[in-house]
Amino acid sequence: MVPTGYVLVLAAVLFLLGLVGVVLRRNVIIVMMSVELMLNGVNMTLIGFARARGEMFGQAFSFMIIALAAAEAAVGLAILVAIFRTRRTVNVDEISLMRH
Amino acid sequence: MDLLSQKTPLSQRRPFISSLMATIALLVPWLATSVAWATPQAAAAAKTAPAFNGALWTFYIFGALTIAGALLTITRRNPVTAALWLVFTLFATAGVYLSLHATFMAAIQVLVYAGAIMVLFMFVVMMVGNTERQEFGIMRGLFSKVVALGAIALLGWRLISLLMRQAPAKAAMVSDGYGSVHSMGGVLFREYLFPFEAISVLLLVAIVGAVVISRRSTEEKEEV
Amino acid sequence: MSFSLNPADFVHLAPVLFLTVWACLVLLASAIGGGHGRHYGLLAILGLILSGLGVALSWVQHVQPATDLFAGMMVVDRFALFLDMIFIIAGILTALVADAYLEEHRFTEGEFFALLLLSISGMMMMVHAGDLVMFVIGLETMSLAIYALVASWPGQRRSAEAGFKYFLMGAVASAFLLYGIALLYGVTGTTNLAKLAGVINGKAGEPLVLVGMFMILGAMGFKVALVPFHMWTPDAYEGAPTPVTGFMAAAVKAAGFGALLRLVAGLFSADAWTFGSTGWINIFWVLSVLTMTIGNISALRQNNVKRMLAYSSIAHAGYLLIGVVVVGLDPSQMGAVLFYVVAYAVTTLGAFAVVAWIGSRDVERTTLEDWYGVAKHHPAVALAMMLFLFSLGGLPPTAGFFAKFYLFKAALSFDSPQMLTLVLIAIANSVVSMYYYLRPIVAMYFREGASAPKPLTSFSVYWVLGITSALVLILGMAPDATLAWAAQALMGG
Amino acid sequence: MLLIAILAIPLVGAIAVALMPRKDEQGARHMGMVFTLLTFFVSLALIAGFKISDPGMQFEFSVPWVRSLGINFHVGIDGISLWLVLLATLLGPIVMLSTYKAIDTRVKEFVASLLILEMAMIGALVSLDLFVFYVFWEIMLVPMYLMIGVWGHGAKIYAALKFVLYTLVGSLVMLVAIIYVYVSHGAATGFYTFDYMVLTQSVWGEQAQIFLFLAFAIAFAIKVPMFPLHTWLPDAHTQAPTAGSVILAGVLLKMGTYGFIRFAIPLFPYGAAVWAPYISGLAVIGIIYGALVAYAQKDAKKLVAYSSVSHLGFVMLGLMAMNEAGVTGSLYQMLNHGISTGGLFLAIGMLYERRHTHELDQFGGLWRRMPVFAGMFMIIMLSSAGLPGLNGFVGEFLILVGAFTHHQGVAGTDLPIFIWHSRLMAGIAAIGVVLGAVYLLHLYQKLMFGPITQPKNADLDDASWREILTFAPLIVLIFAMGIYPKPFLERMEPAVKLFLKEYKVKYKASEGYTGQQPKQLASLSRSKYALPALSAPRAGIVAKTTMAGGKAVSPKVPKIVRPKIVPPKVVRPKIVRPKVRPRGGAAPAPRTPRKRISPEDMRRIRRQMQQRGRPPGRGGRGGAG
């Protein structure tokens, strides 16, 4: 029997580590991976709570979140590819065109 | 946070990566054995011998691995390494799920997350190639980073202390089938029927979106 | 726990499902018919009109609110139907503009319109959601489609970058939203909105609930671009293809506010919360002041019309938050905020249609200098733009004025100094906003252009301009019918 | 219906002109001329049909506009607005005539703007519904903005922007006050309406009146413009084209003073009394300041612009005297100012057409080259300076008399301080009259007398027939109003008397009343129009939403006060309510024309109301009987 509090704290740490990655990392792909970490934290929270309540809804929810994460990753990576394709000839330092 | 990064290029770091992969490979049988520990039957059996709480130990070990993996994921300079560590983390997470009797979710985690999604990531990492190009960054400047870190630390401190105090003290007893494919199917095709269907729209959007984004303009096509 | 699938549930949700199917049809058509110059926009519009008819029928036929479709996952009430109608109208107008715009700028069309339809069905799911699961799925369907649409300009790095920025921030916001939901679920044991509204009263003081609600609020604030979470807006609006920008400003904002209102009415405004120690309403009050003030002040120094309109949309989100405050105090005042949403959506669609109209062939003429002398060469369009700008600024006899007036009236009907202050701040903001709304007029009317612009010539854009300016005037001068509809559009009603 | 026609003709004209081909500039001018003249002639019917002895509203017309909010398109005129409407319709063709040469770019748009502006001005003058008034008030901004911005000169964009933003600040504050009035009146009576005739039957508490009056007064004072808020005016005037200046000076500025007399003072008499000393003080400062600054100007147009500040100070001073002489005088002075300052701007515009400058130094000795023009200019100038025998004198004299007996106006106080205050004000204002003569003569002398120093002035043409025709009606009016003011004054008088009587009654009723809610007075003579018969808000929307505030207040300390709405128990008499159309139902029953209800009926209805509804002790029928 795992105390629910432990699970939730673990999940929160995962979520926060993901957040730290999002905020601090400059590499886009790693930032996206950090988002995945955050989503995992959410999933673990849901599953932990579901376990504590002895019901399945939380798990079903986290199932949905996995699908959602997949869809998000697909779109995000597609945009990324599009950026790098258009950027090939451009200087890397000039990251954003839209700065005012 | 880039202190831990290594300057050596990817090609010379093969041995490390293969050792990482080996670790991941080792994890798999471990996971398999944890299933045996973590099932309710095992837990029930464990009652007779309270000296060893299998689920809790599984949780400790995989929890530690999860955190380690997550830390490594967000600190690696090379996206390939980071992705591998993420896979590692996801495996470890699956282990945690097992300790929570969420067997189906653990399987899905390995199959879909660690499998499919991470393949997507790796694919893009490889396709984009040179990592120097991938700089983007939401936060700019040291100051804003420090502020953000402080905010996160504050949030984390509040959140964790709250969770410690407020978490349900005692988990419910669950029946044999809890977390199994059967019980999951029961929820997914009853109460969650509509979301289950609706999520297909989401996936459709993802597919169409990916197609739209990666299309080239007609002119460009003519040139190519 | 007994559950039986009621086939009638599908009928209730027919407009949503139909739209999804139609999107697939558009995809199929474009797969067969090829990519360019085939006016798939018209096909999409046909689907939208049919779906709109369904919504209208549902509105008319509606006797009892259907609140428990698919085990409480979906809700069909007049509130949602009203918003559906806004999405559909916004979709039709966007498709009309896009039809000309995409052709000019060489997009591949079929998928674009399929995404447009899918995003609308996502929005519909979101406002029809009776459960946080569906809420999230709807939100994500909408968002992913919009990310893709923003980044859909082929070969334009600006568009892809805007899309990525938007995507990344949106993904983080989603993670927060989900975490908040997870916490709520943990404390209350349910994700059903109706059940939550009942349970949450007793749990008002629980810190975990608070944290969860804050996270949800923050994520929704991101979606509707409230001020601490608005950073993405100008970039995304500027980088996106203009019809998409218009769609974002009108429909996405409407959807976000619709969802926010559902949450506010369901969760935040529970009696124990309203004036509790946390004071949800006070939070919205502060957000409102911040959003409109910072939105307006940032808009002041924009030389790019598209960016200026982006900041103006932030400011309008601030005004709309007044409506949220009002609804939080008294849910029967929903009409005021819904009317504002309609008026703002119509006006901003018109304004962005003009922005889309004026550019040509890979060049978007969006700086003020590009607009010099437009009134001389294209007096009708300049007049329409002036109308839209006055409506955004809230001058009579336009929709924007009446909406603002109605909103202020709703706010002042609470005899409270706090609301009076809020309205006065909004008034001060209106004056500030007038300053920058006048700038395009100055450019169009008072300055001489070096050369005549060569705008889009397709009639579909003129159609949009005609329809939106007519609607702006109708909503401003004969708002009776819309007011009545908006007043009927109550949740669970 | 006559008023509707007067409103509709310019609007139709604007649309017609807008649809004309761009090339046909002369055609657009003629079309504008036709429509402004038509408006003017139709408006003459107002004089013909005006009942002199009737102090109340005439030519009333009301049709529900936004039913769910109780907004009616309610228009009507009385002796106060009659002449202002006529001034607006008269200046229309005159201005149109003056633009034949002056405006040569985008003529079509100019004529359309002018017509819309005319419509909006008339609309603001005749509307008897606060919402309608506000709409017209704001619509005035747009064409004026375009006129200054597109056809102006110099720093026109700055001037146009300043004009819009200044006016907008005030009017939005007024909007809040209007909404507050609407909401609180509705909450107190259960009858949600913007109708002026209904709202004037209520008085608000002292505190509320002070703030509400201030909110209205800021809007109007900016428009007038009163002394510290006047800075937009010189810019707008100088940069605007002649036509714009004439309309601005002629009618637009009157909107401010008209707003005071029509809305701010009758609705909030107590607030007016509280602020009156300050306002008249500012008015006097405006008189002197405007005159001195005008004298210092080197630019003819700016000089006239500052003279407006001075003249409108007189108008405000008379108005704030709140006695018959003062109010009548300021009404009369509004007309005078419209005519004479309008004329001055026209004249300066004609000089500008010839020389493209407003600099005083560029002129001189024009008398010899342009005797006819100089003669007409002199008459207008003297009228503006208040020469006895011309119209300006009558107005200024009345105002000074009124201001001198100011103390009798402010709620009948005879405290020495009020007496001395009023004497002081009148005394300083009298100095202003002298200063007025000084700067106007200075202007005339600079322009007309002396040697011709600039060679360009040596071959200027005298006034053309078109220009003479432009001036003719003004000059006729200057003499007519100066020599025989009776026809004008006798139509104003009953309305002014009624205005003052109601002011006193309502002042007494609101003195010492500190309630949050407005209370209704049953005893106002004009109340025969004030039946809630116009269009009650459709059952449901407003009433329900505003009465649904009955949620349980949480035990914790409320940060926002829940609406304190007493559920109105007033049962309104069934007879006078219109048939409420069932929503979404069949076609509405044809609207029967609103019945004039005889005093007997009125009494009966009021009795019914009292018997059925008024819960005793709500202080509803307090006030002075």
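Chains here go by letter, A, B, C and D, matching the order in which they are written, and residues are numbered from 1 within each.
One rule holds in what follows: a contact is a pair of C-beta atoms (placed from the backbone, for glycine too) under 8 Å apart; a residue touches a chain by one contact, two chains touch by 3 or more.
Just so you know, these numbers come straight off a predicted model, no measurement behind them.
Trainee: How many steps does it take, at the fewest, to get from chain A to chain D if each step moves to a chain that touches the one before?
Mentor: Contact-graph shortest path, chain A to chain D, evaluates to 2.
Trainee: Which two chains does the highest number of contacting C-beta pairs join?
Mentor: A-B
Trainee: Based only on mean CA positions, could you tell me how far chain C sits from chain D in angstrom?
Mentor: Result: the chain centres lie 40 Å from each other.
Trainee: If you average the Cα atoms of chain A and of chain B to get two centres, how far apart are those centres in Å?
Mentor: Averaging C-alpha atoms per chain gives centres 9 Å apart.
Trainee: Using mean C-alpha positions as chain centres, tell me how far chain A is from chain C in Å, no decimals.
Mentor: Going by mean C-alpha positions, chain A sits 26 Å from chain C.
Trainee: Go ahead and note the Å separation of the Cα centroids belonging to chain B and chain D.
Mentor: Here the centre of chain D sits 71 Å away from the centre of chain B.
Trainee: Mark out which residues of chain A touch at least two other chains, giving numbers and ranges.
Mentor: Residues 8, 18-19, 22, 28, 31-32, 48-49, 52-53, 55, 57, 60, 64, 68, 71-72, 75, 78-80, 82, 87 of chain A each touch two or more of the other chains.
Trainee: Quick one: which residues in chain B touch 2 or more of the other chains?
Mentor: Only 136, 138, 159, 163, 168, 191-192, 195, 199, 202, 205-206, 209-210, 213 qualify.
Trainee: Going by the touch rule set out above, what shape does the chain contact graph take here: line, ring, star, complete or other?
Mentor: other
Trainee: Please give the residue numbers of chain B that touch chain A in the complex, ascending.
Mentor: Spelled out, the residues of chain B in touch with chain A are 1, 43, 53, 55-56, 59, 63, 66-67, 70-71, 73-74, 76-77, 79, 82-83, 86, 89-90, 93, 96-97, 99-102, 104-105, 108-109, 112-113, 116-117, 120-121, 123-125, 127-128, 131-139, 145, 148-149, 152, 155-156, 159-160, 163-164, 167-169, 171-174, 178-179, 183-184, 186-188, 191-192, 195-196, 199, 202-203, 205-207, 209-210, 213-214.
Trainee: What does chain A use to touch chain C in their complex?
Mentor: That would be residues 8, 15, 18-19, 22, 28, 31-32, 35, 38-39, 41-42, 45-46, 48-49, 52-53, 55, 57-58, 60-61, 64-65, 68, 71-72, 75-76, 78-80, 82-83, 86-87, 90, 96-98, 100 of chain A.
Trainee: Report the residues of chain D in contact with chain C in the complex, numbered from low to high.
Mentor: Within the complex, chain D touches chain C at residues 66-69, 106, 109, 131, 134-135, 138-139, 141-142, 145-146, 149-150, 156-157, 160-161, 164-165, 168-169, 172-173, 175-176, 179-180, 182-184, 187, 516, 538, 540-541, 544-546, 548-549, 551-554, 556-565, 583.
Trainee: Can you list the residues on chain C that touch chain D in the complex?
Mentor: 271-272, 274-277, 279, 281-282, 329-330, 332-333, 335, 376, 379, 390, 395-397, 401, 405-406, 408-410, 412-420, 423-424, 427, 430-431, 434-435, 438, 441-442, 445-446, 478-480, 483-484, 487
Trainee: Looking at the complex, which residues from chain B come into contact with chain C?
Mentor: Interface residues on the chain B side: 136, 138, 158-159, 162-163, 166, 168, 190-195, 198-199, 201-202, 204-206, 208-213, 215-220.
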